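Would you mind keeping the following structure in view while I ask a few things?
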């Protein structure tokens, strides 16, 4: 299932809605971000963090700064999807949530969504709070920079 | 503006809708795909291809197989965005549309969206038709595989 | 709860996603239609009809021809909503699904969504199939026209 | 075109995006609210009110409290729509924006969207500001209650 060993994985299940389809008869590629986001919220909830409260109490938000996604097999209306999510990278500046979307035994989609942390309402970038970083499993935490191979996205940095 | 030399660039302008915002007060990261898609359709229209007719007449569709996006500065409600789009890569199996999203002089977002070609209604993968490949500028066309550097997405292949 | 007596009511539960909110901090008014639609699909499933199969096997679709919705209290991110759905009207030409959306004991929204039936792919209007009409409880079924009071929408007919 | 005489009508044009379609091959019924909303913002802009500034300067928001919509003919991918919008009703508590959506000479959709006014961030209901009410044409303004016929929505009040 392409999930690295020794990471904490949660699974969130959802059914593809009619509105999610497009005229090609498949789930629209932009809709996956809705479900990946919900899966991240549920990942945090299962590990004890209520993201709604986190935002309100701390005046933080976690904007997405990068997303990379591979669509292997299209999802279709009424499909039951299982979104397996884990923290793929965590350091002071960013956290990356990785997911695979499965339909039964078929891997449909692989995604990496990287979040930064800002303070509201000014929107100023700040360090990822320890309470979040602590969710990153030891082997992927504390690195100030992501390792070169996984950091080289197709959209090159500048 | 990070646009490579000697590619044909089109510009599509759009205003961010209220529905596009989320409670953090910015355009939601998933919404960009709506506008990138519309910009691709307009890119093709400006170059003489009516994508609606293309799908209907040829029973083709161009599903997104990979997307990579960097969010630098958030877009906000009512912002006037300019989406500059060009074909970043074109070969028999895939075409990649690259875009930068600008608000005035600010580069907000960079994105690469890779499409494959399928035959409808079976959904079988086929070669990208010549009429599409011919839109790829000579220096990025005809390569059977994308060059190694740009092909290494953060989501590794398998 | 404003649900009429002697109708078959199903309840579908969903949590409001972050993407569903807008910058006013509430669920966007257009998003309710996503959840009302999913609730209709689940209503039919609970009563033994797989809507996906229904569309595929019969080459039917049920386009929405009218919607009326009252927003009493806004839904917010992460709210757990219960959508209670029943068939409010069923006759040869149309079926109306009625819903109330609750958050705990609070009634947030009331909605009536009217569907017609078309044959695909031509899109020609046809009679609502008996297998669907049979889901309408006896007291609201078989009327060729909806009773005057409930048929007078704010958008007057022509 | 079903537009009442002596009201100030504005026209906003938009093209239906691919993402707006669903697997029935038409624009999804929930998507119309995106375009109706954008048309309201443009209606106000044409009449001198920048809605973004209005929200920010006055800490007001205009939540939708009721919507009624009739779908006559479906919109399809790449259709060029003209959304004609006017203020259909304006009084101290609410404003109603009415729209017809045309594709060429065909009337596709008729809609009435009623807004209330709240103060942010508390969300307390307040009177519609005079600067907004003044946009309502004299014959439809100043009524404390909407006239009985148009107020009787299919979703009855309580």
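As written, the chains take the letters A, B, C and D, and residue 1 is the first residue of each chain.
Note that a contact is a pair of C-beta atoms (placed from the backbone, for glycine too) under 8 Å apart; a residue touches a chain by one contact, two chains touch by 3 or more.
Owing to the predicted nature of the structure, the values given are computational and were not obtained by experimental measurement.
Chains that count as touching both chain A and chain D, per the definition above, are B, C.
Note: the chain lying farthest from chain B is C, by mean C-alpha position.
Centre-to-centre separation between chain B and chain C, using Cα means, comes to 36 Å.
Per-chain CA centroids place chain A at a distance of 22 Å from chain B. Centre to centre, using the average C-alpha position, chain A and chain C are separated by 32 Å. Across the assembly, chain A contributes residues 18-19, 25-26, 30, 33-34, 37, 77 that each touch 2 or more other chains. Taken as a graph of touching chains, this assembly is complete, with every chain in contact with every other. Of all residues in chain D, those touching chain A in their complex are 18-19, 21-23, 25-26, 28, 30, 77.
Across the interface of their complex, chain B is touched by residues 15, 17-19, 33-34, 37-38, 41, 50-52, 77-78 of chain D.
Interface residues of chain A facing chain B in the complex, by the touch rule stated above, are 2, 24-26, 29-31, 33-34, 37, 61, 63-72, 74, 110-112, 120-121, 123, 149-158.
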